[in-house]
Structures are given as C-alpha cells and as structure tokens.
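Across the two complexes that follow, chain A remains constant while its partner is chain B and subsequently chain C.
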Partner chain A sequence: MTAQATAPALPTERFARGAALLRARELGIAIAVLLVFAATTISNHAFANAHSIQQLLTGASLIALLGVGETMVVVTRNVDLSVGSVVGLSAYVVGDVFKHHSGFPVLLGYVLGIAIGAAVGAVNGAITTVTRVPSLVVTLAMLYVVRGVDGVVVDGRTIDPGAIPKSYTEVGYRTFLGVPWLALIVAVVVAAAGYAMRSFRASRDLYAIGSNPEAAALAGIPAGRRVFSAFVISGALAGLAGSLFLALHAQVDVTGGNGYELTVVSAVVVGGVAIFGGSGTVLGAALGALLLNTINQALVAAKISSFWNEAVAGGLLLAAIAFDRWLGLRVARSLQSVQGAHRDA
Partner chain B sequence: MNDPLGTSPGPLGAPDKDPLLVLDRAAKRFGAVHALADGSVTLYPGEAHALLGENGAGKSTLVKILAGVHRPDSGTLLIEGRPVVFAGPADSRAAGVSIIYQEPTLFPDLTVAENIFMGRQPRRAGRRIDRGAMNRAAAEVFARLGVRLDPQRQARGLSVADQQIVEIAKALSLDAKVLVMDEPTAALTAVEVERLFDVMRTLREQGAAVLFISHRLEEVFASCQRVTVMRDGRFVSTAPIGEVTVDSVIRSMVGRDLDALFPKTRTAPGEVVLEVEHLTREGVFEDIGFHVRGGEIVALAGLVGAGRSEVARAVFGIDRRDAGTVRVRGRQLPNGVPAAAMAAGVALVPEDRRQQGLVMDMAIDRNIALASLPRLRRLGLIRRGTERELASDWAGRLQLKFGGMGDPVATLSGGNQQKAVLGKWLARGPSLLIIDEPTRGIDVGTKAEVHRILDGLVAEGMAVLMISSELPEVLGMADRVLVLHEGRITAELSRAEADEDTIMRAATGYAAVAS
Partner chain C sequence: MTPDLTTKPAARTVLRGGEGGGQPLRRALLRWESALVLVLVAVIVFGSVHSSTFLDGTNFFYIGLNMGEIAIMALPLTLIVMTGEMDLSVASMLGLSGAVMGSLFHDGWSVWAAMAAALVVGAAGGALNGLLVAKMGLPSIAVTIGTLTLFRGLAEVVLAPRTVTGFPISLTKIGVVPVQGTQIAWSALIFLVLAVVFGVVLHATPLGRSITAIGLQPEAARFSGIRVDRITFGLYVVSGVFCAFAGILFTLKNSSVSYDAGTGLELNVVAIVLLGGVSVFGGRGTVAGVVLAVAIVGCLQQALTQMGVKPEVQNIVTGGLLLISVVVPNGGAAVRRMRDRLRRAG
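Moving on, here comes the complex of A and B:
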C-alpha cells in the first residue's frame, strides 16, 4: 500500500521529462534550422543576406501551408496524398480563368482555388469515412485522378505571367518590413490553426480519434464527421496553396505541384507529428517544412549536386522516425522498470 | 422471472420509488451467435445492484446495450419511465448513464484531464476550451477519490490501476444517474477498492444507481443491495442480497453440477514426457523445475503476471531461456527454437486465440490444417481435398459448430474458435499439449465440452500442461497443481491436497507450501 502512495510520483516525474522532450520538439527543429543556417553561412557568407533569407521563407511557405492541413489529417491516423495534385489543378484553373476573363476579381481567384481544393477534400473525406477504405489508398488514387484531370484541362498549354493581373502576383514578391507577404500569410494561417487545434472541442476530437479510435467511439465522438472535416480543410488549404503557387511563380503548366505530397508528409513527420496519429502540432509541421527547405538551400549554396537534396531529406525523415521510436521505447522501458519496482515494494 | 419489475427492490431502493432504469428482455445476436437472449435488469435510485454470471453469460453485451454501443435486436429500455433508444454512446451519456469498462479506454497521447473531459471540456468565451478550469475540475475529482494523479500528465504509461482510476474519475465527473462498472476492481489494490466503495456509497446517497459487475463475490456481498444473475445470455433471477448465499449464487450462475463441468477420468500416469529443470528467464521467472507425465494434467496456477504464460513460452521456445534445461521424452530441446519443440511433439495453444492462435479471416478448414501442412504436402503442393478431409475429421471429433468449412474462422463463436485452435494442434498428434487459459471467455456449455475433450486426450495418454486463472477449472481438471508467485514456484500440490485456500495462499505469496 505504501508503494501505491509513493510510487505514482516516479512515473509522473519520468514522464514529465518525456513529455517536455516532446513539447520541446518544435524548439529542437527551430534550433536545427538555425544550426544549418549558421553552418552554411560560415562556409558561404553570401548565404546570410536578406534576399536569401526571404527565399528561405518563401520557399518553405507553400509546404508549410500544406503541412497545416496535412497535420489535421495525420493526427486522426489518416493521410492526404492528393495535396500535390490539388495544388497543380487549382493553380492552373485559377490562371486559366484570369487568362480568359481579364476583369476577374483578384480575391475571387483565391476563393476559386480554395473551393476546388475543398471539393477534392470532400470527396477524399466522404470515400474514406463512408467506405472505411484506408485513406492512404483513397488519396493515392485521388492524386492520380486529379493529376489526370489536370492533364486534360491543361492540354499541354502553359499559363504565362502576362495573363495574370499584376495585383495578383504581388502577393508572390512583395514584402512587409522585409518579410515576404507569402510567409506572413502562411504564418497567420499556422498561428490561427495552431491556436484552434488547442482550443476547440472539435479539434481535440481529432487527436482523440487518432490516439485511440475505439475509445473515441465509446466517448461518443462523431469520428466520421470530424475526419471528413479534416480532409475538407486539408483540401481547401491545398487549393489556397495552388492559388498562391500561381501568384508566386506567375506561370504554371501541367507539372505544377508535382511531388509536393511527399515533401509535405516528410515535413509533417520531421516536425514531430506522429504518423500513427494522436499527437503533433501545426507549428511543428511548419518548422519541419522550413528545416527541409533550409537544408535544400544550404546544399545549393554549398554547390552540392541537387540529387543529394532528396537523399538528405529522406535521411532526415528516417532520423526523425528513428528518434520518435527510440523515445517511445525509452519511455516504455523506464515505465516498465518503475512498475517492476512497484511490484517489489 | 418473467417480471423482473416485480422483484423486491431491496433495503435501499424503497419499493415506493420508481425505477431509474429498466431493461426488459433485451436480445442481441452477432451472426449466428446469440450473445444475449434475455437481458433484463431493473435499477432503483440509491441501490448498488450486482450483475453476476460466468464469462460468456452476456453481461458485457448487456453493458454495451446500456452504453449505446450495441443496439438490441428486441426488448425495451426505460430510463425514468420513458422508453429510450440509444443511437450511440453519446445518447447514453446524455441520458445520464456512465460506464466504466473492463478494459480502460484512454487516449494515450492526451493529458489525464483531457481524457476525463473529452468531448465536454469546460469552455470559456468563444467556445474555447478552458484548460485551467479543466485541470482544476480533474484535480477535484481526484481529491474526491483520494488519489494523487497529475491532471496535466500524459495518459500514456499510466499503470493499469491508474488508468482504471482515470476511468472512474471520468464516470464520476459526469454526475451520472446510472453508473455501470464492468469489473472495475480487477486491477485495483485493496485501498483503492475501499475508496471506490466509498464513492459508490456517496453516489447512492445522492440517488444514483450503480450496476456493479465483479467476479469477486465478497465485494458483491460487501457493497450491493440486490443481485441479478445471468446465465447463457439469459436473466436467471434477481434477489435482495440478504436472501442469497455465495453457494446459491454460484449454483444459479453455473446452472448445473460442477461434476458435469469437470469430467475427470482416473488415468494411471505413464512415463515422463516433459522435464523442466532450473528454467530461468531473468526478471521474469527463476529456477522453475517440474515434470509432466503422459496421462496427466498439470496445472500452472497463480495470479496474472506471476509468469505462467512466460514459462510456457520459454518451454515451447518462443522466448529464449537464460538458464535451465527442457527435455521432451528425455531429449533436450534447443533454446528458442519453436520448430524443434513442434518436431518433438509439443503443441502450444495460446491464451489469445484471436491474435496468436487463428488467422481470423482465413477459412475454418485452412486454419485447422495450418499446423499440419508439412504432413499434407505432396511434391511441395497442398491439395485442398486433403486439407478439408483433415479439418472435417477434427471438426467432427471436437463437435465444432459452424456454417460452412470455407467460412472465415471469425464467424465462429468464441468457444468454437477455441475448439478450432485445439483441432489445429491436435491434428499434429502431439504427445505434450500446452494450453493457456483453455476456456477463457467461452460459454458454459462449450466449456464443459472443452474439458471433456481434454479429459479424453489425457485418457489416451497425452500429457497436458494447463495454465488457468479459473480456480474451479484448476481444481476440477488437474492431477497436480504448480502455483507460481512472482516468477517462482511456491507450491506443488497433488489433486488431493489442492483446494481454493491453499492455492490462493501460495499464489499471493503468503505461504510457500512446497511439498
């Protein structure tokens, strides 16, 4: 009985440390970003100028934005692989509308992009929650479907900068106090989503569903509705990312957004979002995107072949997963030894 | 019996009060299996009501109907006199029913406080969750329970007892009218059980009703006012606790003579089949030595976690042993090679048949033939016909009840799944059968059949090493009983010496009566 009175303190303390470590994940990635940046600057002083920092932020923005939606999906123990193709489709369709309707309101360009993405997300969500087919398969199929549709729509053409209103592409290059607009927009989305993920019942439901689906059902959580919403939001943000892609590059062809889906999933996992659901933050995912892009730019600055970029990104992903696994095992082992002590007492 | 309402409400539930909850003749089938044929129970405000029955009696199905998890095929549920139909767990909770499940249902990634208030977190302006208020409310519930738990810690890594406490806190914080507790005390220490009973008392004084499910009859007699017994999915009786005795309750739970449940043919033990010496696996068990002869059943008894299954796994070679020897018919088995144990004629029927014993989506005949495939092979190919022949043969001998041989094994009832696992291993013609919890979670009728099968095998000269947590099963079936406590053998008892008391004392480490 004395064991009962004293023992709980032990696992709690050990746990507090484990939890603190996890919470410090965002901090750890931020430090990693700074380290990579510092190391590159030492070998190549040109790396630290304002322009290249702006490039770092801008380059990470779209992936970070996609990472917000992806995080919402992944914490529910699902995944959305269709985002890359949604970026491509929404970018081209919005560009095409500008091309053929010169007076089309700039703001509606964004609304259109979001609507396209939300529609694809709704299809993803509906199929996943109604048929209970794993979302990995559903969204992989959707990736190809949307790519195919995109190919038909694009039909080998390209949207050129001349077709896009200047007030639309402004978003892609203007800065405020030296910070690119694009990065500011994404920062606002990340902050708002991060706050929402902590503060509303519906968003806590997402974590509960991913953490223990059976318990979520017993707790009366409307899992289907929540997962559906997560897919719609992920799609909508992918659509927004497509609109921003157009603003950033001012031109788009059939390859727009190719391969983004895997970069996003990498960023999310590197950012500490558990691939089997239940934990992780949108801030972590955004920082993961920033880290991947910083490494990418660092390799360019160091004049290392761009092929290495993918190998490094993959290695980082493996390292992140190995770290999570190691952490989990360590926590499990320390708890086991505590329970052993418990029994002996 | 047909009118559960007419029974006496007992000392605290005064007859003039209207019942809080009435479940009348609820039935639920899963495929061909009648999980519940007549689930009836009436709860009055202020009473603690025990629901008793053997494993497979339908208690858990009844609980899940009250929880809104299962919708009954027929029958009615009244809450405060009004008929209700629960579309899901949320409806049940909204109606004031709160459930503590046998298995904790926590979210490991979330904090303890969030686990308690999931879906109904305290909120402040703008519908935002008020974490401060939530943590304080959780701390208050813990204070009421008299436990020290940090509301802000993650639920991952909580001990089973602490998880159960979080479940209890969850139910308490709901201020439920009806609190259902499905074996809440299994993982709790005596002090925690006392506190739980205090909480039950407080809730009853506030006019709530408690439905209490436990296998520990002493707890039932200490804390409940009325008792309802179920058997084979049916309501048997409801009576005030003062009008029943432990014996009468057990008799109505089992519904037949214990002798019929445990057939035992006297067989003269033959030669030694299994010989284990100084078997040790560090931190798990130590210096285990015993032998099993042909024609006898040796039972490994002890509390959960005493190392019984682990010993069996090490004997079979699934886990490596750190020291000691295992001999089958005089020949030593290599360390950690299950295939060698199988070749030597050892068969292991694991405890968790869904996970370890069967391939649930595979056909019944294929499952039964699975362990015998090397024998059925012709030129490296398996002929479906021989496979089916072998399976039909064993299905007949074990009186397996099934739809079609090609149906997935998952369609069988728990008891018949167990028979299928048995058949799978018996088809190999083993000389030593190691069987872990042979009748866990299967209905009484099939239980008796499994016992009869085991008895028949032993009569034919097979050696059986049986692990069981059910004392009646150990006492009824075993020729010798080895009791484990914290990884050591604390008693070896002959059939004549073994009784409930000596086994429990040895299992809890109070007395080492090694003979």
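Moving on, here comes the complex of A and C:
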C-alpha cells in the first residue's frame, strides 16, 4: 500500500527536478555571461564601466530580438533563415521613406518595418505549411529573394544619418537610468514573449508540434495555423529589428543584416533551444545572444586579437550543442528510471 | 463463378502489362531530371536570344570557371544530404584551406607541400564534423553552423589581415586559360570527372545503396547491418577533403587568398544540391540532377550578367528557382489535401 501511495508522487518529483534542470539552463547561461564578464574585468578594469556595459547590451539587442522569433519557429521543428535579409530590407525601406518624406511620423517607421517583416513571414509560413516543404529550404530561398529585392530597392545607394529624423535615431543611443532604450525595448519583447510562451495555449501548442508532430495532429492541434503564426511573428520581429537597426546605426546600405541568420541560430542554440524542436525558451535565446556578444567584446577588451572572435564563437556553439545533448541524455535516463520505479512498484 | 476467378487476374495482368509498356516513358518524362533538362534548354535559349555571344566557347569557359569550386563542393554534399544530414561548413572549409595554403606558402613552404597541408586540414575538419554528427549523434545543422563559424574563425587566425599572392604562374593559369585544345575550365573538367565517380558510387555500388538506405530509414539501415556511423563519418571526411581541394582551386584561380574567400558560398552549394532534386530528408536524389542544377545556375548567372543584371538581383532568380523547385513537386499533393479538407468541411 505504501509503495503504491508513494509511486505516483515519484514522477512529479522527478519531473520537477527535470524542470529545475531546464530552468538551470538559463541560469547556467547567465552565470556564464557573468563569469566571462568578471574574468575580463580582472584583466581589463575598463570593461566594467557603464559605457562598456551599455555597449554589451546594445550589441546583443538586435540578435536577442531576432532570437525571440527564431525560438518560436525552432520549437516547432522549423527554422527561419530569412531573418537577416528581412533586417536589411526593412531597415533600408524605412530609411528611404524618411529620406523622401521628411514629415513621415516616426512611430509609423516602426510599423512599416514590422509590416514588411510580417509580409515576408507570411510568405514563409504559407509556403511551408501549405506545400509541406522543409522550412530550411523555403527560408533559404526567401533569404535569396529578399536579398535580391533589397538589392533592387537599394540600387547601390546608402541611407545617410542626415536623412533620418533625430527623434527616430535617439532610440538607438538614449538611455533610461543608464540602460539603453534599445535593451529595454528588447527586454519588454522578451518578457512578453516569454510569458506568452509559458502561459498561452497557442504557444504551448508550438512545443507540442515540435516534440511530436503526429501526436500533436492527433490531439487536434491546428499545426498549420500555429506554424504559420510562428513564421509571421518571427518575420514581424525581424522587421522590427530592421527598424531598430536603422535607428542604431543611422545609416544602411545593401549589406545591412548580412549573415545575421546564422548568428541568430547560434544564439538560439547556445541559449538551449533544441534545434529539432520541442524545448527551449525565448529568455534562453536572448541570454545566448548576450553571451555571444559578451565573449566577442571580452576578446577585444582582453586585447586578444579580434581575429579569434569567430573561432571562439564557433567553438562555443559546438560546446553548447554537445552540452545540450549530454543534458538531454541525462534527463532521458532519469525519466527511464522513473518508469522503472513505477513498474517495480 | 470459375471463369470470373480466372479472368480477373488475367485481365489485371494484361492491364498491368499495358501500363508497364507505357510507364517507363511516362515515368522518365515525369522525372525531376527531365524537368531540369527542359529548364536548362530554356535558359540556354533565353541566353542566346539576349546575347549573340552566349553560345561562344569563351562563355562556356567562364561558366565553368565561375561554377567549378561550388560544383565540386556540391558532390560530397549530395551524398551527405542523401543520408538525411547537412553540411553548412563547406564554404568555411574552402576559406580555411585557402588560408592554410596561403599562410604556409607565405612562410616559404613549397606550393605543393602547402596544398597537401590544406588537404590534411580539410580531412581533419571533416573528421571533426563527422565525430560530432556520427559518433556523438548531434544534429548536423547545428554542428555545421558551429564549424562554419569555427573554420572561418580559424582561417582568420591563420591568415588575417594578410592577403597572400605570388603563387607560381604555372598553377594560377587555371584561372585564365582553359584545358589545352578545349574551352573547358580546369575546375569544370575536374568537376565533370568527379561527378562521374560520385555518380557511379551513389548509383551503382553497395556503398551508394547503403547511403540511400540510411537516408530513407536510418534505424532500418542500422538493423540491416549497414555501418551507419562509419559511413556518415566517412562522408564528412570526404566533404572536408573536397572542400579543401575546392579551396586550393579557388586560391589558384584568383592567384591570391584572404581569409574571407568564398564567404557565404555554402548557401549557393546547398541551393544547387536541392535544386538538383536531392530531398533534404534524405534517400532521394541523383548526381545527374545535381550536375544539371550546376549547369542551369551557371548558364543563368552568365546570361543575366551579360544582360547587365546586377549580382544582387540575380539572387531573386536563384531564390525563385529554388522555391519553384521545391514547391512544384509538392504542389499537387497540397492541392489534393486542400480539396480533401474542403470536401470534409462541406
């Protein structure tokens, strides 16, 4: 009797421990950020001054923002490689509108950027869900197409800082209580998305789709609609990131956002989002972006040749994937032993 | 009753026989490769309409010169994608190989020794990919995005900020003159020879059947005695070596090398393999399809360049082609699903 009474309690306890382990994943990344920060500060005290910290946050902002949308897509077992090109396109188009319509409302600049991104996201989502073509291929193709459209629109020109209203660019450099606006905006998005991903039914469906598509379909989850929405949100956030790119750099040409797609995927994977779907959080992805950027800046501050940046980032990504695997195996083993305990009881 | 039993199977056999007679032709016409041939013809017609020099031999040489390295990297990638895996690190390996070769040559090594070292680095890099994917079971997309960054980073460490030039003219001439007596670029000739080898391996050897089997059903392949891990590991090493070889050709062709050579080419290589009809889920695809895809992209780029279309704009065409290539074969099934759903709703 006692055995029967305790046995059902066991799995929840084990699950709680598993959940704690997953929560610890974000904690682990945060600790890694602090460790890198501390180690660098010891070798170069200037690293800990306010300006340098502001740079750390600002530098990670855009990738973190893209990481939020990418996480939503990746947990469904898809991937969005078109984000980098969307950043470039929306940044240039918004800048071009300011250039030719000097009275264009600043806020509408952001709306326009988001709309462009959402449109590309809708195309990605529609093709992926209707034709069931792997999203890797669809978004790779869209990366090319959007880059091409960007090339046509830009036509070799550059948007210069003079063309953009001051009230628009100040988002890129103003601070509130010492925290850059940019970082605050991203923090708000991460918090909102993080809450939604935890609590809303539609976003829990995303995890269900990613961990077992067949089971999700049998459970009556409208997988197509959910995946479509995830792509639209990812596109919209990429569009917003483009608007912010323009505010931050105050100038943009055809190379804007080049190569961001792979940096974002790196940040997301380092942040503990499983590339084959089903698990991971937007907070983890954002912290992953912060960790990558902190390491980049640390190498500069520690006077290690900046040539090492990429190599270290690559090595780190590999380590993160391997660690993730190790963690997954441990969780699987602990779940198995729970089943074993259950059977024995 | 009895006649029924005997005639029915007979009728069915006749029917099947009749269909069998027509099917090979129909099936051949419905093949992806046939569609690619049509597209290739269309591109060539399009090119010659817009430019009278499109069919010139020199043009042929330039197409080969432009596509050679990408095409060579696409061959091992075809085998990797056939097993259901991916390798996004190919262009970074090209860059790393060029950087190693350039750096050693700069330090006074003979060019041949430097080239050999580059190939060894390629094998080592491929082995790293293979180890992480095949032995540790990590997702290949994530792993090779990691090594994409790692290899490019190492290239930067080895070579940046230098640009090495001064390679022997006897070798760098492959970027200027075609194979003697022909209009074929050296890299294109090497690609064609390799394509035959890869084609034979994939379609006519037990190894090729194993690769296909792994892509169709890795578990079933494992249980039927195919050494899945060893083959996957081997394919990554092969990919590393050939990408390093492409890096050597790329360096000699440009007769100079910097660490960022070939940045971003991985997407072109992947696009060609997928356009060639190799399923990204593995198990389906032919080397012939990939060769046709190389020809299509090469001819199309050349035609657009001759028309004065800018490279950025050509991206739209490449991307559009890739989209069409995946959407069209799946379009029929999608329409059928939609119809089913409408019928169920109505």
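Convention: the second predicted complex is superposed on the first by the 310 of 345 C-alpha atoms of A that agree within 3 Å, B and C clash if a C-alpha of one lies under 4 Å from a C-alpha of the other, contacts with A are read in each partner's own complex, and residues count from 1 in each chain.
Methods note: a contact is a pair of C-beta atoms (placed from the backbone, for glycine too) under 8 Å apart; a residue touches a chain by one contact, two chains touch by 3 or more.
As the structure is a prediction and not an experimental result, all values here were calculated from the model.
Engineer: Could you tell me if A:Ser199 is touching chain B, chain C, both of them or neither one (first, second, both, neither)?
Structural biologist: A:Ser199: touches chain B, not chain C.
Engineer: Just chain B (first), just chain C (second), both, or neither: which does A:Ser211 touch?
Structural biologist: It touches chain B, and chain C stays clear.
Engineer: Check whether A:Ile275 is in contact with chain B, with chain C, with both or with neither, and answer first, second, both or neither.
Structural biologist: second
Engineer: Thinking of the overlay built on chain A, is A:Gly288 touched by chain B (first), by chain C (second), by both, or by neither?
Structural biologist: neither
Engineer: Pick one for A:Pro180: touches chain B only (first), chain C only (second), both, or neither.
Structural biologist: Neither partner.
Engineer: Of the two partner chains, chain B (first) and chain C (second), which one does A:Ala219 touch, if any: first, second, both, or neither?
Structural biologist: It touches chain B, and chain C stays clear.
Engineer: For a test of understanding, state which residues of chain C touch chain A in their complex under the given definition.
Structural biologist: These residues of chain C touch chain A: 86, 88, 132, 136-139, 141-143, 145-154, 156-157, 160-161, 264, 267, 270-271, 274, 280-281, 310-320, 322-323, 326-327, 330-331, 333-334, 338.
Engineer: Name, in rising order, each residue of chain A that touches chain C in their complex.
Structural biologist: 79, 127, 130-134, 136-138, 140-152, 154, 254, 259, 262, 265-266, 269, 275-276, 305, 307-315, 317-318, 321-322, 325
Engineer: Given the complex with chain A, which residues does chain B contribute to the contact?
Structural biologist: By the definition above, chain B touches chain A via 67-69, 88-93, 99, 101, 105-110, 114, 118-121, 123, 127-129, 148-150, 153-154, 156-159, 161-162, 189-192, 283, 305, 486.
Engineer: Can you list the chain A residues touching chain B in their complex?
Structural biologist: Touch list, chain A to chain B: 1, 4-5, 8-9, 11-12, 15-16, 18-19, 198-201, 204-205, 207-208, 210-212, 214-222, 274, 278-279, 331-332, 335, 339-340, 342-343.
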